[in-house]
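Below: one structure in structure tokens.
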Amino acid sequence: MAKLKRLLITGAAGALGSQARRHLAGLAEEIRLSDLVAVDGLAANEEFVAADLGDATALRDLVDGCDAVAHFGGVSTEKSFDLIERGNIRGVYNLYEAARVTGRPRIFLASSNHAIGFYRTDERLDAFAAPMADGLYGASKVYGEQLALVYWKKFGIETARVRIGSCFPRPRNRRMLSTWLSYRDLFALVERCFIVPRLGCPVIYGVSQTRSGWWDNSHVAYLGWEPQDTSEVWRAELEASEPQGAVDAPDALYQGGMFTAEPIHQE
Amino acid sequence: MAKLKRLLITGAAGALGSQARRHLAGLAEEIRLSDLVAVDGLAANEEFVAADLGDATALRDLVDGCDAVAHFGGVSTEKSFDLIERGNIRGVYNLYEAARVTGRPRIFLASSNHAIGFYRTDERLDAFAAPMADGLYGASKVYGEQLALVYWKKFGIETARVRIGSCFPRPRNRRMLSTWLSYRDLFALVERCFIVPRLGCPVIYGVSQTRSGWWDNSHVAYLGWEPQDTSEVWRAELEASEPQGAVDAPDALYQGGMFTAEPIHQE
Amino acid sequence: MAKLKRLLITGAAGALGSQARRHLAGLAEEIRLSDLVAVDGLAANEEFVAADLGDATALRDLVDGCDAVAHFGGVSTEKSFDLIERGNIRGVYNLYEAARVTGRPRIFLASSNHAIGFYRTDERLDAFAAPMADGLYGASKVYGEQLALVYWKKFGIETARVRIGSCFPRPRNRRMLSTWLSYRDLFALVERCFIVPRLGCPVIYGVSQTRSGWWDNSHVAYLGWEPQDTSEVWRAELEASEPQGAVDAPDALYQGGMFTAEPIHQE
Amino acid sequence: MAKLKRLLITGAAGALGSQARRHLAGLAEEIRLSDLVAVDGLAANEEFVAADLGDATALRDLVDGCDAVAHFGGVSTEKSFDLIERGNIRGVYNLYEAARVTGRPRIFLASSNHAIGFYRTDERLDAFAAPMADGLYGASKVYGEQLALVYWKKFGIETARVRIGSCFPRPRNRRMLSTWLSYRDLFALVERCFIVPRLGCPVIYGVSQTRSGWWDNSHVAYLGWEPQDTSEVWRAELEASEPQGAVDAPDALYQGGMFTAEPIHQE
Amino acid sequence: MAKLKRLLITGAAGALGSQARRHLAGLAEEIRLSDLVAVDGLAANEEFVAADLGDATALRDLVDGCDAVAHFGGVSTEKSFDLIERGNIRGVYNLYEAARVTGRPRIFLASSNHAIGFYRTDERLDAFAAPMADGLYGASKVYGEQLALVYWKKFGIETARVRIGSCFPRPRNRRMLSTWLSYRDLFALVERCFIVPRLGCPVIYGVSQTRSGWWDNSHVAYLGWEPQDTSEVWRAELEASEPQGAVDAPDALYQGGMFTAEPIHQE
Amino acid sequence: MAKLKRLLITGAAGALGSQARRHLAGLAEEIRLSDLVAVDGLAANEEFVAADLGDATALRDLVDGCDAVAHFGGVSTEKSFDLIERGNIRGVYNLYEAARVTGRPRIFLASSNHAIGFYRTDERLDAFAAPMADGLYGASKVYGEQLALVYWKKFGIETARVRIGSCFPRPRNRRMLSTWLSYRDLFALVERCFIVPRLGCPVIYGVSQTRSGWWDNSHVAYLGWEPQDTSEVWRAELEASEPQGAVDAPDALYQGGMFTAEPIHQE
């Protein structure tokens, strides 16, 4: 498979970014890693460039020379408006401006299921469902998805807008039986997004196989991505260990789970 | 898996009820069986309570103390209006009133594909298709489904409204290749309905795996139920042994099959 | 316009039935009126036949010789199960059996918006929305609609299944701004249903013009019925006189209004 | 009609805000006006409070004591990210935080057709169409719509999310024949949103009557709003005076018109 | 309104073509008329060019120099395959080839409701309904619609694909109450198709206002066409004079009416 | 499985026709082969009858005595109008006329994905998607599909209208990963279409299993056909060997691939 020239991984010191290093090592000739803090153990084809997403100039230098960006940087949970604004709103703007004025690389944008968290667990969504953010974090992800669309329609920059479910080594609770995404499946998706001739700017739900899931990816069948892992191997264990809970508990009622019950963080 | 305290199985002397005893034995600490006539061979955790669904007082006593009801009682085929009215209309009303004034148990309601029997075999239905009953029996099942909904919206009683296909040891004719539900799959569904944190009041199609089926259960993916059996193992045999028949024969034309050609039974 | 030979109006002593006498006087050569109690002042082309909907034999005699039935009889509000069962379940069965064994007249069936009363006021319904009854009364109306369908598919009896909104001299409260049906519009609809070459068995929403309505009748455009009256002339007055109420009051939340908050009537 | 106690109008010195003063004068007992710069000629029931939307404390004081907010403040066209971020992203956050910690007033949020500007002119949208912003401005409006939703689902604050078309004294070009909203129709909508018992958090398209329009408001029929003005009276004149243009010109191709061809503003 | 330079009207000696001369006289500076037989009384800005649609060379000369074509030529009812093939299949191919190799004029293509004639009268269609031709004629019209699409996607030739209902001085029978198109409305549509900046290649239903219609043109609202005439003024008269007929008569059952019962014509 | 009496295979000398001989050998007692040129090596139950699809009389003789037709004859790629007209337009008309006046056999009609070739590769189609032909060939296939429908609705002749993808020994390029149909799967479909009690006249997409496909066959689940082969075994090889190409190359953009870029063939 033809390799990318230079792949930028943002948020490289974070949970998904560090996994990305492991799984995407062979995808590009050179890999540029970035985060606020340095990462350890650079491989031969890796380089590290510190950058703050809120710094437009730094972003431009960071993106320059890359033909692909896997954007895992920014805030990844409910936080104060100021933090989210800098990382996920201004940060995404800076990223796309950098992409526009440099080589217009293809972008894998880590969005989130919290962009649609206020849908109920008995609703099925496809790629065209209007967003229903479940907090400041989710609303910032919707903003990022919209910005990606603007840069696709105006400047031809292709983006996979991936609403990642719950990406951990294994599902941690009942709800994640419906939302769990394995590392293997996530990075196979990243690869598919960078390898297909035409990506466009689709919304994609990032979830492994599950019997109890909420999300329909049939619209992006053309990517040829098919998850290989499944949360089912943990179902019996998780259902036995976690009490059934109230019928109207946030985790039972909404796809966004406990995020829908989060207060507005003040800092 | 956490067990139920006391599960009531109605229609326990009937075809599905007696299977229920076998498959659901371990689901509850105690199992209360009921029918018009007594059942044989009570297990240690089983008790039998005779009751007529048309008797409101008897129903109240029957339901009292149960946290779950698997309702297989009532008339299960085309009969006279009087019989169907008593078993499936008044009977269901009595059941829900009993549930309301006692502990509001979760209910598995055996509805039927004959609630939608006048859809054609080349139509695909999901949980939101408006009913098209194929006779007095089917219309009574639609009534039961509606009553369940009323008690969910008004009193919070959760019900699985399950449109059972053809539940037999094996499919008996060509049509059942599309409608067959194995005992194993049926009772796995009963378990899922009682174990999930939030059931709500969904319409569910009770059918095992089949290549030629008509019903889309994607709306209740959240239950985590996935049929394990399939009618396909009998396809070649049934297709070879059963003549092809006319293009417009009821079995070829309508999902309800021969029920759509039944007259109005007078007794 | 070609007149009907003999039109049966059931519930002729009731609110809609007595209006029907006035508005449909010229529609048929002879008009047969029926109710539990006699009606006053028979016109030259009117006859009265007392009948209880729960009496199958009486119904057969009543329907015999009619080529059209405007069925306004039965219970028209939330009542006990016994009353509703006799009037609206057994009663409708008796009516359709009578129609089947006599001349299979075309039927105008007064169903109700309470067949779909648990939809929210911010939802729009068309003829294919699955029912969501808001009580015992609404569920009985769904049953009647299903029975009509059975007799259409099996015996070719055509029925207009009309979910009547609020049919009064004028709208009485804010909710009725969305549900009001004038007498004139109702009986124009009855006429259209009896005059079109092919009626079939459609679901129709019985509502006059309104800016704030919930129901889409585009599927029965082929009837050529267009309401002439509108609730708008009372809007300002009603909105000024009726307090705004709570956001989640039944009248604000559900199409069925206060019916959705009715208890189960015991007698 | 029952008046509001105190209505806040933001952006009161702007184009729509100043019209709002004229049209909404009788809607509330007291009207609080706000903008960065003072407004002239305060009426007896008007007061002015200067406030910067980017100032959280000022916003809290501004909203306190109001039972309704007509939010016309913020940036209303394509500008640099910094300007839009302060007015429309941080500004909306500050507004909703203020609403949350004070009396949770009902809010009329001036969103924009540029939230869906990249749909084609031969596409029809309803309230559930996923957004397709046509620039930084449009993306900020989508963000505001999402934040409104979060505060409705979490805190019960009701908002009309109104995607205003082109609100001017008259349509200025061919495209506005499809998007023009008269002042009269706009403020009639504001009134309806404040007067209905239950508003919820709907998306509404702000457009007067037009034969060539793109937007379907049937989902908010329950508001009882019906535009009285129409762009049609200017159609012949505008079509005669404006050259036909290229088939693929932005104004011919996209609902957002020339906004879809705007560059990224740098200041 | 800016005039066209030269408009070609094919089938100019036919029923619609001759009406076109009257109604479109002022639309273009010059009008070229064509048919197999000559037309009478040429106006100052009219010229006549005889041409057989089956003659490719003649068609090329005919179209050359025109910036718009109103194509009413060809067979307009059920005929033998040979006649329909020459007029409507080969004829349309020749027309589009002529358009392609000359100035690629905008085309108004007279298609027919018989392209969708096998839909039932209780079905509502929009522009995206898959065709259901009701005979050889209807199938040829579907072919023409597809060819128009090919030349739009490949060569940018814009076409209004207009499924004309029943275009006569007045509706002639009950069915035409649902399908009648007045001359005035037809030619207003032709004008709109030639005047809008972007036409594209839409499917349009050609029908005047009617209460009982089957076709939804909301997708082409962007044309700004709104029929001014209505079949309703003839409804009472036609319904009184035409017997009701059988429930399953072709005219009652299918949108294509009696065409659906036509045999295959052999010459 | 009950065999057919006599199966006609047209286009028997062609690529699919010759495969048909191999795979369908056991399906009928006798197999009649036809093409313009003779085929080799007739088996004991095979006969050959030369016939030109453009010759009506020859077609009638050919079809006479057959209870099933697998129609692979005609032009199978983009050609001049004259060639396509004779093979695919007049040819299909002749075939259906022959079927009508003889024994009205069931027909398997080889249509093509080029009937919908101008849909984008990021669109999913089901059986009800309106056609979007990608050239003269595709338009002729739409014509054939419509003619089949006419003969089903008027004369009860059942047809499987199969939009074949890319039927070769193996997928030849990236696009065929989404469109490849194995011979085995194709002829299993032919068998299913001839064996089911009721075929009707469905549109079916002829494609083997694929992760990246565009077509949804859920509407014909009732056939009980499930492809056994998959293009996935060649994915890695094809993606590695074929360059990624431009984002807007026809193969990347449209389902019809390079056909969408074909000129109009002149001979």
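Here the chain labels run A, B, C, D, E and F in written order, and each chain numbers its own residues starting at 1.
We take it that a contact is a pair of C-beta atoms (placed from the backbone, for glycine too) under 8 Å apart; a residue touches a chain by one contact, two chains touch by 3 or more.
The chain lineup, named per UniProt: A, B, C, D, E, F = Uronate dehydrogenase.
Bear in mind the structure is a predicted one, so any value in this text is a computation, not a measurement.
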* Joint neighbours of subunit E (Uronate dehydrogenase) and subunit C (Uronate dehydrogenase), given as chain labels -> D
* Is it true that over half of the residue numbers where subunit D (Uronate dehydrogenase) touches subunit E (Uronate dehydrogenase) are used by both copies, so same, or is it different? -> different
* **Between subunit D (Uronate dehydrogenase) and its twin subunit F (Uronate dehydrogenase), rotation from the CA superposition, multiple of 5 degrees** => 180
* Structure fact -> When contact pairs are matched by residue number, over half of those of C-E recur among D-E, A-D or E-F in D-E
* If you average the CA atoms of subunit A (Uronate dehydrogenase) and of subunit F (Uronate dehydrogenase), how far apart do the two points sit, in angstrom? -> 42
* **Chain centre separation (subunit B (Uronate dehydrogenase), subunit C (Uronate dehydrogenase); CA means) in Å** => 31
* To do: Take the average of all CA coordinates in subunit B (Uronate dehydrogenase), do the same for subunit D (Uronate dehydrogenase), and state the distance between these two points in whole angstrom.
  => 51
* Give me the residues of subunit F (Uronate dehydrogenase) that touch two or more other chains. => none
* To do: If two chains touch, include that pair; go through all of them.
  => A-B, A-D, A-F, B-C, B-F, C-D, C-E, D-E, E-F
* Within the complex, which stretch of subunit B (Uronate dehydrogenase) touches subunit A (Uronate dehydrogenase)? -> 1-2, 156, 158, 195-200, 202, 218-226
* Asked: Can you list the subunit C (Uronate dehydrogenase) residues touching subunit B (Uronate dehydrogenase) in their complex?
  -> 81, 85, 89-90, 93, 97, 100, 118, 128-136, 138-140, 142-143, 146-147, 149-150, 153-154, 203, 260, 264
* Asked: Given the complex with subunit C (Uronate dehydrogenase), which residues does subunit E (Uronate dehydrogenase) contribute to the contact?
  -> 121-122, 124, 174, 177-178, 210-214, 216, 235-236, 239-240, 243-249, 251-253
